[in-house]
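Consider the two complexes below, in which chain A is the common component and chain B and chain C are the respective partners.
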Partner chain A sequence: MSMPSLAQLPMSVARVPGVAIVLVVLSAIFALTSPGFASPANIANILTQSTILLLLALPMTVIIMTEGLDLSMGAVLTFASIVLAITVLASGSPVLGFFAALAVGSCFGLANGLLIAVLDIPPFITTLGTLGVAQGLSLLATDGQSVVGIPRSIENIYSGALAGIPLPVIIAAIAYCGTHALLYHTRFGTYVFALGGNREALKMAGISVRGVLIRAYVLGGLMAGFAALLMTARLNSAHPTAGIGMEFDAIAAVAVGGTSFERGNGWLLGTLLGVVAVGVLRNGLNLLAVRSSAQVACIGALVIIALFIDGLRAEP
Partner chain B sequence: MTVAPLFELQGISKEFPGIKALDDVSLEIRAGEVHMLVGENGAGKSTLMKVLCGAYRADRGSFFHNGKQVAISDPAAAREFGIAVIFQDFTLVPYLDIAQNIFLGRELSGRVPGLIDRRGIYTEARRVLDMIGFDVNPRTLVHRLGVAQQQMVEIAKALSQQARILVMDEPTAALSEREIERLFAIVARLKQSGVAIIYISHRLSEVFALGDRITVLRDGRKIASLLPGATTADQLVTLMVGRSVDSTYSRPSRPAPGEVVLDVRNLAGPSGLAGITLNVRAGEIVGLSGLVGSGRTEVARAIFGADRAITGEIRLFGERTGGSAEDSVRRGMALIPENRKTQGLALARSVGDNIVLAGLRRLFPSGMFLPARAMKAARSIIEKLRIATPTPRRPVATLSGGNQQKVVLGKWLNAGARFFIFDEPTRGIDVGAKAEIFRLLDGLVHNGAAVLMISSEQIEIVRICDRAYVMRDKRIVGELSGNELTEANIVRLGTHQ
Partner chain C sequence: MLARPRLALSRDVAQAAYRLLAAALLCAMLAMLSDVFLTTSNIFNVLRQTSLLFLMASGLTLVILTAGLDLSVGANIGLSACLAATAIKGADSPMLGVATGIGCGALIGLANGILVTALRIPSFIATYGVMWMLAGMTYYYMAGDTIHGFPPGFRQLGSGYLLGVPMPVYVMLVFLLIGTLFAQRTTWGQQIYAIGANPVAARLSGVPVERRLILVYTVSGAMAGLASLIVLARINSAQGDIGEDLTLPAIAAVLVGGTSLFGGYGTVAGTLIGALILTLVLNGMNLLQINSSWQPLVTGVIILLAVWIDNRTRRIGE
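What follows is the complex of A and B.
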């Protein structure tokens, strides 16, 4: 193969996914407008802050590939975080609290999966319902107050580092690699592609569609449980509104990353880039002192722009 | 002495609410034999095959494998006996690659517990693909493949499952001439290696070219089982339709055509179309012929406004069209697409809903939907086109292919269309229904409508059309009419001199 000539260059640029273009452009803008943006400390900060979102966006990719949706993730994360904090306060054992959070997440995931796969209730409705349940339980358990006074050891999970790498980043990296292996190197992952792409093909192959669906939502709940640990550690407390709207960021990151809502067309690396793009956007806007409510609007615009770029290149 | 057949179905019956799909059907499947299954749409061929592969459970009847009675309760059980089906609607996953599709549900386990041996899958896939001489990288995602290639993947998938009985449901329906030749070669190769093939086809030429045995189904019953040497095409058609029809429908003489309805000048489109100039007059059927990929469908879509044309002029009833599908429909144009399942019908909705869909504006000018009026309109169309459905409320998906095609046509008739473009109207439709579709086309032009018809079957163009344009490489290379309109001339223009 010869080196690409100048004439071929625009063609290869045209093949770069929209999310990568968005990420580069955003980074360039913020690097020029806010002096602190490109500093190593801030970059580490962006990555650390993106970890919670990544833990939600990874299973969200899988779920969206099955032509589903999980709106309950943010609320489940919140409730799991509260259960974690209360358990730790009651028992004094951070490990017990951690497992309680995972149990809460898995139960909600299982409930979502059963309602969707067995009772055939549409994912949007099902998870909107469980969102309400989890949010309500959070407020009920706390009376709307924060749960404070948890031991320092939990906080260290978020602020600690291993060989100079922040612990959350390591956790997120493990989660990413695990999900990658799950999606691309296991039967389950293959069936996720098939579920969104051609459900009939899966049935004809003698695979239980319900089983795959249920596992996808359990994965979502479980990862929300993991994310609850990071969230609790980050806030050093549990707050009944801490995770509100995180599912919005997660869905946005998946969409920005180029995963389609139909035909089982998913791209996990795109989700990672999408999460970082959302993180860069939030961080940059913070540095520019843009209010949080305006940031939500910017993320919405980000989704539209990224999909617009992808759409442009889909034309022949 | 007689050897027990490889597989045998005896007295199979299957009922759906209101329809007896199969009634006491028996079938003998022998190794190394191509068994042709023919019959009109709705005769029960597909149902029988779904029973064989375990997708449906028979209400009554028994199965014998090598003379021993067995049960087929689900697809897995059917696979145990080496039964594999290649359906018309492929069971492939678009964003998995060829190898992953071939091994869907049967992934090889890797050394690490829980993980798949992807390399092993590619090696194995390569081996199976080589068996049918399909030279393609097994890592190619399936959504990048054409229909013929996807079919190859389906065949490879079946072979990798050690299929001993391969069911092919209208395998040539979407293939070009060359691809069909390749498929036939593969069928011959499979047959030689002792695979039993059940081949469903509407093309009688194939039935005689490939078949070792022919079974005719009609209205869910087995009508006859015969050898191709002992029967003729006409006899076969008579058996299929249960009445004597002229299988070679020929066009009744039509009065001289009227004013020009469609006038296209110098159309050039984004997909490479160039210099497309053609016209269609009231009361005539004009053919658009050429090889698959020569640009026929692109012309149809450009005229309809489904794809925007870059340059050129399209006049409908003397007025320039706005170049959008909405505008075309408003002016009385209808495009009946090739792929009716995805482009022409809302499959899950009822026959009635589909019929009134395009005519809502005309039927309910006030914007208020009146169910009784919709029902009445639907009933009149159902009666007019003789659509075989007990009620307008039945989902379109449950109708046979020919009747689905009628629903699409009914939709446009109800919308008041006066100019029709048909893209392969007879694709996947049996002989009896074909003649009926042609009668419908004839009825349309008889009432003053104009028709542009795309067809891959030259014989259809010759017999049905008053004139025909022939395309090659995205251009119109000739216009044929009268005595010049012959199969030979179409082929000559469409290929190379």
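What follows is the complex of A and C.
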């Protein structure tokens, strides 16, 4: 199973500069323009805030490598967070709430996977449809209001620390290692690499492309459920618009990280760096008191630039 | 150069007939369930809403005919409407406002076209990025403000009547005619079908694929700009989130109207029927006092159903 990662190695090396340069340039700009940026407290802050995004960006990388896309992640995260909050309030059990969130995420992931793999509906339109469904359910479940009054035990998941390391960072590290193992050291991962770029070859080798696709989208939904836990803990409430657009930050992180949208070449470490780059951009713009609306425009520009560079790389 | 086979034409007619039947059934159902449905004011309301949706969706139809997608139409309406509103109020000139709205929409479409062709970014991801950029720019520009109170002359465009029929209906019919003639009767229109059916074959047979793609995205943007003026004239105010809820219904209208997401198949007239069906569904939900939170959910399900049905029809066709 070392073959695919070995084969990817030269490509990875060639990509290091792109996303690393973006990260260094962004950090340098913000370190020079805002005095608080380079402080240890702020750096810890960036890392903690990036954890939710990483949980979405990891499966997004896998999905984009299958030449797919999941636009529903932000809305699914939001709905899972609402179900979590409502379950905790009704039952008093954070564990039950957590599993409810995971179940909601997995169900949406499974639905996406089935629609895409079995009914052959293109991924972007499938997940656009399920985005509408999840958003509608969120509004219906809450009537547009926040769900508040969640016990402190949930809040601690975001604000707590283990041996001095913030809990969200530990969760994100486990998620990263898990996804890395899945992508580089399992048969599923090998098929994902094979799927993007040469679907027909995989079919002819007698491998169930449908199975691979369905598992990729279920992974996406499941991780959105995990992210919902961190999001609910961070906000100490659930709100029907809390996660709207999160999938865009995730797609931005994957694109900046050098995973290609058309040929299915993926690079998980690039996604990690891409997530930090998006986190640095958001944090730096916050420190400069740039309005969140303008931040969205900046991230949009970042994606277009990253895709442009990706397009240039494909030229030869 | 690319005469469409007779068979396809009769399939078009049959599909349009099914869809009109579905629209008629919806009307009958709503007339039975609600006393308000058949009142003149509600019928005019449905027609105005259909016109708005059609104007957005007609340009989008051309994009989808090339097997592309434009996710930025709703956000385009937002920015175009806000800039047009500023021009109308600031310069006190409705004409300048109209030019600003359509011009801004067309420029956004042109940018989409360049991203898709010159930079070769897949259309759904390019227009998705542009969507968020536009949303950010609009919110930044408006900073939560509302611009309202436009001169009566301009408002005629959205809320006026001509011979007892709402003004937007005429705009819709004019663009139905232009769109249909363009798509079916001109070389450029036929080239758009050819690109959607088989881009490689189209290129090899001398179709300037890039230029036609830039054209369809620009047209889609310009139509969104025009739609923004109709919204503006109708609700008499501009806010940053004005077009946010319109993207999903516009895509749904095109797909329900029988245009294939995979390109090369569909008509502008079909999109009109799609816009009518979608408006009837959303209007019916309002009349039956169903919580408006159901609307994104229902629209999402309609999109999935429409593509699924298209998939099945194409398989049978093959």
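In this text, the second predicted complex is superposed on the first by the 287 of 316 C-alpha atoms of A that agree within 3 Å, B and C clash if a C-alpha of one lies under 4 Å from a C-alpha of the other, contacts with A are read in each partner's own complex, and residues count from 1 in each chain.
Methods note: a residue touches a chain if its C-beta (ideal position, glycine included) is under 8 Å from a C-beta of that chain, and two chains touch if they have at least 3 such contacts.
Everything quoted here is computed from the prediction, not taken from an experiment.
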Chain C versus chain B on the shared chain A, clash or fit after superposition: clash
Touched partner set for A:Leu202, first chain B, second chain C, both or neither: first
Chain B versus chain C as contact partner of A:Asn265, first or second or both or neither: first
First (chain B), second (chain C), both or neither touched by A:Phe193: first
Which partner, chain B or chain C, touches more chain A residues: C
First, second, both or neither for A:Ala181, with chain B first and chain C second: first
Superposition clash, chain B against chain C - the stretch among 129-137, 183-191, 201-209 or 363-371 that is involved: 363-371
Residues on chain A lying within both footprints (that of chain B and that of chain C): none
Partner chain C, residues of chain A touching it in the complex: 69, 71, 115, 119-122, 124-126, 128-133, 135-137, 139-140, 143-144, 245, 248, 251, 255, 261-262, 291, 293-301, 303-304, 307-308, 311, 314
Sites on chain C touched by chain A in the complex: 69, 71, 115, 119-122, 124-126, 128-133, 135-140, 143, 240, 248, 251, 261-262, 291, 293-301, 303-304, 307-308, 311
Chain A residues touching chain B - in the complex, by the definition given at the top: 181, 185-187, 190, 193-194, 196-198, 200-207, 263-266, 316
Chain A partner contacts - residues on chain B that touch it in the complex: 55, 74-76, 79, 89-96, 100-101, 104-107, 110, 114-116, 118, 143, 270-271
